[in-house]
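Take a look at the following structure, please.
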Amino acid sequence: MNIVEFKRIDGRKHDEFRPIEARVGVLQKADGSAYFRLGNTVAIAGVYGPRKVHPRHEEQLDRAILRTRYNMAPFATTERGRPGYSRRSIEISMVTRQAINPVIFLEEFPKTAIDVHIEVLQADASTRCVGINAACLALADAGIPMRDLVASCSAGKVNGNIILDIAGKEDTEGEVDLPVAYYPKKKHVTLLQMDGIVTREEAKEIVKLAVGGTKKIYEAQKSALRKKYEIEGEKNDIY
Amino acid sequence: MISTDPQLIKNIVSNGERLDGRGMYDYRKITIEKGAVATADGSARVKLGNTEVICGVKFSVGEPFSDTPDEGVLMVAAEFVPLASPEFESGPPGEEAVEASRVVDRAIRESKVIDFKKLCITPGEKVWMVFVDIDVLDNDGNLIDAASLAAIAALFDAKLPGLKEDGKIDYDNKSDQGLQINGIPLSTTFAKVGDSIIADPDLSEAEAVDARLTVGTFDKDGDVLLCSMQKGGSVGLTVEELEKIIDLAISKGKELRKMVANA
Amino acid sequence: MNIVEFKRIDGRKHDEFRPIEARVGVLQKADGSAYFRLGNTVAIAGVYGPRKVHPRHEEQLDRAILRTRYNMAPFATTERGRPGYSRRSIEISMVTRQAINPVIFLEEFPKTAIDVHIEVLQADASTRCVGINAACLALADAGIPMRDLVASCSAGKVNGNIILDIAGKEDTEGEVDLPVAYYPKKKHVTLLQMDGIVTREEAKEIVKLAVGGTKKIYEAQKSALRKKYEIEGEKNDIY
Amino acid sequence: MISTDPQLIKNIVSNGERLDGRGMYDYRKITIEKGAVATADGSARVKLGNTEVICGVKFSVGEPFSDTPDEGVLMVAAEFVPLASPEFESGPPGEEAVEASRVVDRAIRESKVIDFKKLCITPGEKVWMVFVDIDVLDNDGNLIDAASLAAIAALFDAKLPGLKEDGKIDYDNKSDQGLQINGIPLSTTFAKVGDSIIADPDLSEAEAVDARLTVGTFDKDGDVLLCSMQKGGSVGLTVEELEKIIDLAISKGKELRKMVANA
Amino acid sequence: MNIVEFKRIDGRKHDEFRPIEARVGVLQKADGSAYFRLGNTVAIAGVYGPRKVHPRHEEQLDRAILRTRYNMAPFATTERGRPGYSRRSIEISMVTRQAINPVIFLEEFPKTAIDVHIEVLQADASTRCVGINAACLALADAGIPMRDLVASCSAGKVNGNIILDIAGKEDTEGEVDLPVAYYPKKKHVTLLQMDGIVTREEAKEIVKLAVGGTKKIYEAQKSALRKKYEIEGEKNDIY
Amino acid sequence: MISTDPQLIKNIVSNGERLDGRGMYDYRKITIEKGAVATADGSARVKLGNTEVICGVKFSVGEPFSDTPDEGVLMVAAEFVPLASPEFESGPPGEEAVEASRVVDRAIRESKVIDFKKLCITPGEKVWMVFVDIDVLDNDGNLIDAASLAAIAALFDAKLPGLKEDGKIDYDNKSDQGLQINGIPLSTTFAKVGDSIIADPDLSEAEAVDARLTVGTFDKDGDVLLCSMQKGGSVGLTVEELEKIIDLAISKGKELRKMVANA
C-alpha cells in the first residue's frame, strides 16, 4: 500500500491535505455562520433557525425539519456557471442533508425548520465536503444542539496512486474521487459517493484513507470553535 | 395505502428474516423484457418484485460538448410518473428522481464500457446523442436498481438509426448496428436495518431502513470492478458495514449481470 | 359512401381497427389501472382517489374534482420528446377530462379529488383516444362508481377515402383526423376534435364512422373488465 | 361581480329566448378594426359584444422546422391578460388560453389558405416566422370566436417587412407585400343549453352551457368547407346535435366572412 | 437654457408633447379602466379591487396592498417581444407601484388587495409613464379614494438639446432619458429614473422640464375624468 | 431578529443624529478587497458596515446582439443568496435583486467608461461576454451601493483570458490584459427620513426611510458627471430634495472613487 512515496503534482504527500482554514461567525445576519477553505475550494455556510416552517405543510409534529441548500456562485468555476438550481445542486443538497442529519438533536425543536445555506465561492474539487464542513460549524455557531461535528473530505486515485484530497490538475486527470463525511463519536460514515474504476481492495483503501483524513478536518473544525469561545471568553474578561 | 409499521419490520429483520420470506441478501424476482417499446431505438421493461420501470433509448444528432469535441453524449433522465405512487407529483423531477438518474448515469459513464469516441460523426460538429429515459410505472422500492437494470438492458437492445445524405436521421431505415458495450455496469443496493444488512429493500421496508449503499460494479476481462457508490439514508454506516456491502455487491452484481446477459 | 372497397396501406378495410388489447389492474400501487393498445399506440392509465385535495382551495363542497394528466414518455415518438408539460399536453389533458367527466358520479365524493394519470408509452396516432380508453378502465378498476364507460377512437380521410383508425403512414399522408369519445348509454359524443379539410357531408360521415367505431372499443373495454372479474371470481373459488 | 343564475338562463333559453334579447342563432354585435396597432406588421381589434380582443402580427426571420425546410412558420399565442377578467391570473397561459390559441391556429393552418412555401427565404436556412399574438382585453365570453376573427383580420392586414442586404429585417422600410391568403377560415361556436342550441354564448350564459362546439369553416372557390372542430364543456352532444351545429356553423360562417372581407 | 429654439426631428418644440389622448371606462369587466396615448405609445390599465387577497399571507391587517403588473404586448415593439415576465417588466412594475402608492388611501381598505394591470399595446418610448397615467385614471374610474392623481412623463437630452417627451428617432439617438411621476398637491416626485450622461446642471434642468411637463398630463387626466362624469351626468339627465 | 422601532429612528434622525453615531452624510466603514475570488477573472469583496457583497467577473466568448454586432456584451446579475438575510428566499431573483442588478448595470453601461467595441473578437460572430455576478453575503442595508462598489472594483481587477488557436478560451493561460476603463462609475444612495436626508441607510434605518435616491456618478477628464438615477421608496421627494441629493451624491462619489482607485 503505497509504501514508496511518490510525487504529487503539487508536491503534497499522498495523505496530505491542501491548506485548511476554518472560521466561525463570519456573517452578521445569519443565526450561525462559518467559512471553510481547503486549498482553492472555499465555502461559506449560514444557518437560520430553529424557526417557523413555511410552507406550513412541511412542518413535523415531533421534530425540526432540516433543509439544506448547496449553491455554487456563478464565478466559482472555471467556466461561468448559470445561477439557480441544477440537477447537480439538487443531488448535493440532498446528500449534504443526509450527511449532517444524524448529529443534530432535531427532536428538541418540534414544528420548526433549521435552514442551512451553503454558498461555494471557489471550486477546486471537494466542494460538497467543504460545504459540509462549513455547515456543521455554522450549526454549532448558531447554538443548535449537536451530538458531534461531521467532518468531510475526499480521497481518490490519480495515475494509479491512492491519495487524499484530490485537487487542481489531479482532479482533471483523476480516475476516482470518493468523498466521505464522518461522524467520529459513532464511527459512522454519513456521506459516501464514488465515481471511477477501482478494484474491491482499492475501494476499501480509499475509503479508509478518506475516513482517516476526516480526523484532521475535525481538528480544524474544533479549533475554529475553540477560537470562537476563547475570543468570546476574552470578551467576557474585559467586561 | 396501508403501510407497514417500521418497528415490525425492524423486529423481523433483527431475527434474520424478511416480511415476504426472502433471504437477507436475496433480490425480489426480476424480469427483464428487452424491446418493450416499439417506438424506441432500444428499450427494456424491468420488474423487480412489484417495482416496474420502463426504459427507452433514443438517438439524435447533436453538437458535442466543447470539452469533448469528438465524443457522443449520454443523457440519462428518470421521470417518477405520478401513476407510480400516490406520493409522486407532477412537475419537475424531485430530488429522489434526480438522484436515481444521476446514480444510473454515473455507473454507466464511469465504467467506460461505452466508447463515446465511436459515437462521433464529425468531430467538433456532429455526434450521436444517446437519450436514456426511464419511466417509473410502479414504485415498490429500490428504484435505483430497477432503473439501472432497465437502462443497461435498453442500451444493449439499442440499434443506431441510419443517416440520410444530408446528415439527418433516416427514421424509416434503422441500421442493425448496436452500441459496442464492453461490460455490464449495474447498481446493486443494500440497506442497513438496525444492525442487519439486507439486499434490495422494498417499499414496506423503506421506512425501517437506516442507511442505504448503492454500489455500481461491472465486469472487465473476467474481473469485477467498482465504478460508482452512493450512500443514502439519514443514518451512517461503519467502515465495516461499508466493506461488507462492497463484498456483497460484487457477488450480487455477478448474479444480476447473468440476467441482463440472458435477457 | 365508399361502396367499392379500396386498399389501405396496411391492408385493413376502411372500417377496420388495428389490433386492440385491453387489460385492467396492470399496476400495483395505483388504486386502479389499465393498459390499452391500438396497434402501435400504447397507453397506461393509473387512478388515485377519491382522496384529499391538495392544494385545498381546489376542493369542491358538493362533488369530487376530476383531474387528468396526459403525458407522453420521451421515447414514445419518432423523435425523442422533451419531458414535461407542453401546450399540446395541456390541451389534451383538458379535453380528456371533459370526455370522461360525464360518466363519473363525482357528486358521491364531495371534497375529494380523483386523479387520472395517463402515460403514453408508444405513439402511432390516436394517443388521446387510447389514453381515454385506458383511463375509463382504470377508473372502473379503482371501483369509482360510473354511469357507463366512455369509448374513444378516431376516423379520418386519407387520399380521399374515409377510414377508421388512421395509423402509420396514413397518419403522415392523412388529410383529416377526427377523434371522438362516446358515452353509449346516453348516445353522447363527449370528445370531438378535427383538423383537415372536409365538406359538410364528409364531416358528418366521418363523425358517424368514428362514433360507430367506438362500439368495438366499448366491447374491448367491457371484455377487459369481465376478464378481471372472472379472474377475481376464480380467485374467490380457490379460497 | 354579480353573476347570473345559471338556472334562470336555462329557463329563458328553454323558451327560445335569450337574456339580452338576441335570437338563438344570433351573434352579438361585431366590430372589426384593422390596423389598430401601429407597431405591429398587421393588426386588428375585434369587439364581439362586450368581449374585446386585439391581435398583432409580427414577422421575423428564423430557421424552418427540420421536417418542413422550405416553409415559413406560423405561431399563434393567446394571452389572457389579467385586466380582462377578475379570474385571469398572471403567469404562464392556463388551459383555456392554450386551447383558444391552438383552436385558432388549427383553423388557419389546416385550411391551407396560406401557402407557407411562399414564406421561405432560403430553403433549409431562413424562412419568415409569422407570430400571431392575441391579447384578450375584455372577457365577456366566446373568446375563441373573437380571437379567430381578430387573427384572420390581422393576417389580412399584415405587410411583410423589407429585408436588408445582410438578410436582416429592415424595420424602417416596410414592403407593401401582404400575405397571399386564399380564403377566410373562421371559428364559429355554438353551445347547448338544456335541449337548445345557441350561437355565440356570452359570459352570463357560460355557466348554463352544457356543451360547446366550435367549427372552423372557410370558403374555397365558392364552396364552404370545414377545417377544424373542437368540442368543449362537461356534457356530451348527440350526433344529431353535432350535425345541426355543423349546418348552423356553415351558414353563420358565411355571414362572419362578409364582415371580415369588408373590414 | 435653450433660448434659441432648435428643430426637433418631428418638428415639435423642445417642451412640446406628442398628441395626448386619455379616456376612462374603456373596459367592461375591470372595476376601473383607462386608455392613455402619447403619440405612438399606448397603454391600457385595468383595476380590480379592493378585493380579497390571494395568497392570504400577503394580506396586511392595517391597509390594502397595492399590486401592479406592467406588461408589454408581444406586438408592441419593433421586434416581437417574448410574452411573460422579464427583468425589465419586474423593475417597471415595482417603480410603477412606488409611483402610485402615495396617492391611494390604502389604509381605508385593510386586508384587501388592489390590483392594477397595465398592458402596453404600442411602445414608442415613455411606456412606463403612459402606463402610470393610465393606471391612475383606472384607479379613479374604479372609485378608489385617492388624494390626487399622479402624472408622469419624461424629458431628456438629444444631440445636446434638452427636450420634453423623447420619441421615435430621438429615442434611438437620445443621450439621456429621465422619466418622472409627479404628485402635484404635495409637489412630490414619486418616480425618477435616469440613464445617460449629464452634468449636474443638465440633470436639474431635465428634472424641472419633466416635472413641468406633468402639468399638461395632469390636465389631460382631469379632463378625461371630467368627460366621464359629464357623460354620466348626461345619462342621469336622460333618465 | 430584534428590529429597531422606525419611530425611534425617525426621532433620532430628526435631531440630526443617527443610531450608530454617524454623521448625516457619512457612509459606514468601507473595505474593498480586490482579487478575493481565485477562480474569477476579476473579483472584489466589499464590506459597507455589516453589509457584505462579493462580486466575480467571468469572461466567455459568445455571439453579439444583432443590433450591436461589433460590441462585447455586459451582463450584470445579483443573487440575494438566502444566507444573507432571514427574508431572502431561494428561487429566481425577487424585485429587489432585479432592481439592484439593473441599477448597477445602468451606471456602468451608461457612463460608457468601457468601450465595448474593444471587446469584439470577430464582428457579427464572436465577442467577449462580460459576466458580472454579485453575491450578497450579508444584508445590512444599502445593497445597491455595496454592489456598485464591488462590481466596478471587480471590473478593474479583471484580466481577459487568453484565446487558443481554435478561438476557445485557454483557461490555463490568462493574459495580463485588463479592461480599459476610463472612469469610475459608482452608485451613491441617499434616503429621506421625515424631512432629513441621510447617506447610506442601513437596515435598522430602512423601515423609517420614506424615499431613496440612488445617483450614479463618474469622473471624466476631471469633471464629475451623472450617468444614472433611480428613486425608490413609497413616498415622494420634492425637486429641492432631489437637487440636494444630486449635489451630495456628486461630492460623496468623489470620496468613494478614491477608495476604489486605492483598493
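Going by the order they are written in, the chains are A, B, C, D, E and F; count residues from 1 in each one.
To be clear about the criterion, contacts are C-beta pairs under 8 Å (C-beta built on N, C-alpha and C of every residue); 3 or more make two chains touch, one makes a residue touch a chain.
If you're wondering where the values come from, they're calculated on a predicted model, not measured in any experiment.
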Inset, instruction - Taking CA centroids for every chain, report which one is farthest away from subunit A. - result: D
Inset, instruction - For C-D, find its twin among B-C, E-F or A-F: the pair where over half of the contact pairs carry the same residue numbers. - result: E-F
Inset, instruction - Look at all chain centres (mean of CA atoms) and spot the one farthest from the centre of subunit C. - result: F
Inset, instruction - Mind checking the centre-to-centre distance between subunit A and subunit D? Centres are C-alpha means, answer in whole Å. - result: 58
Inset, instruction - Averaged over CA atoms, how far is the centre of subunit D from the centre of subunit E? Could you give it in whole Å? - result: 31
Inset, instruction - List, in ascending order, every residue of subunit A touching at least 2 other chains. - result: none
Inset, instruction - Mind pulling the residue numbers of subunit B that touch at least two other chains? - result: none
Inset, instruction - Work through the pairs of chains, note which ones touch, and then classify the graph as line, ring, star, complete or other. - result: ring
Inset, instruction - Name the chains in ring order, counting from subunit C in the direction that reaches subunit D next. - result: C, D, E, F, A, B
Inset, instruction - Sort out for me which residues of subunit B touch subunit C in the complex. - result: 1, 37-40, 43, 50, 52, 54-58, 60, 77, 79, 81-86, 90, 92, 131, 133, 135, 137-140, 171
Legend entry - For the subunit B and subunit A complex, residues of the former touching the latter: 93, 95, 98-99, 101-102, 106, 109-112, 213, 223-239, 242-243, 246-247, 250
Legend entry - Footprint of subunit F on subunit E - complex, ascending: 87-88, 90-91, 93-95, 98, 101-102, 178, 183, 186-200, 203-204, 207-208, 211
Legend entry - Residues of subunit E defined as touching subunit D within the complex: 27-30, 33, 40, 44-46, 48, 51, 69, 71, 73-80, 83-85, 115, 117-119, 121-124
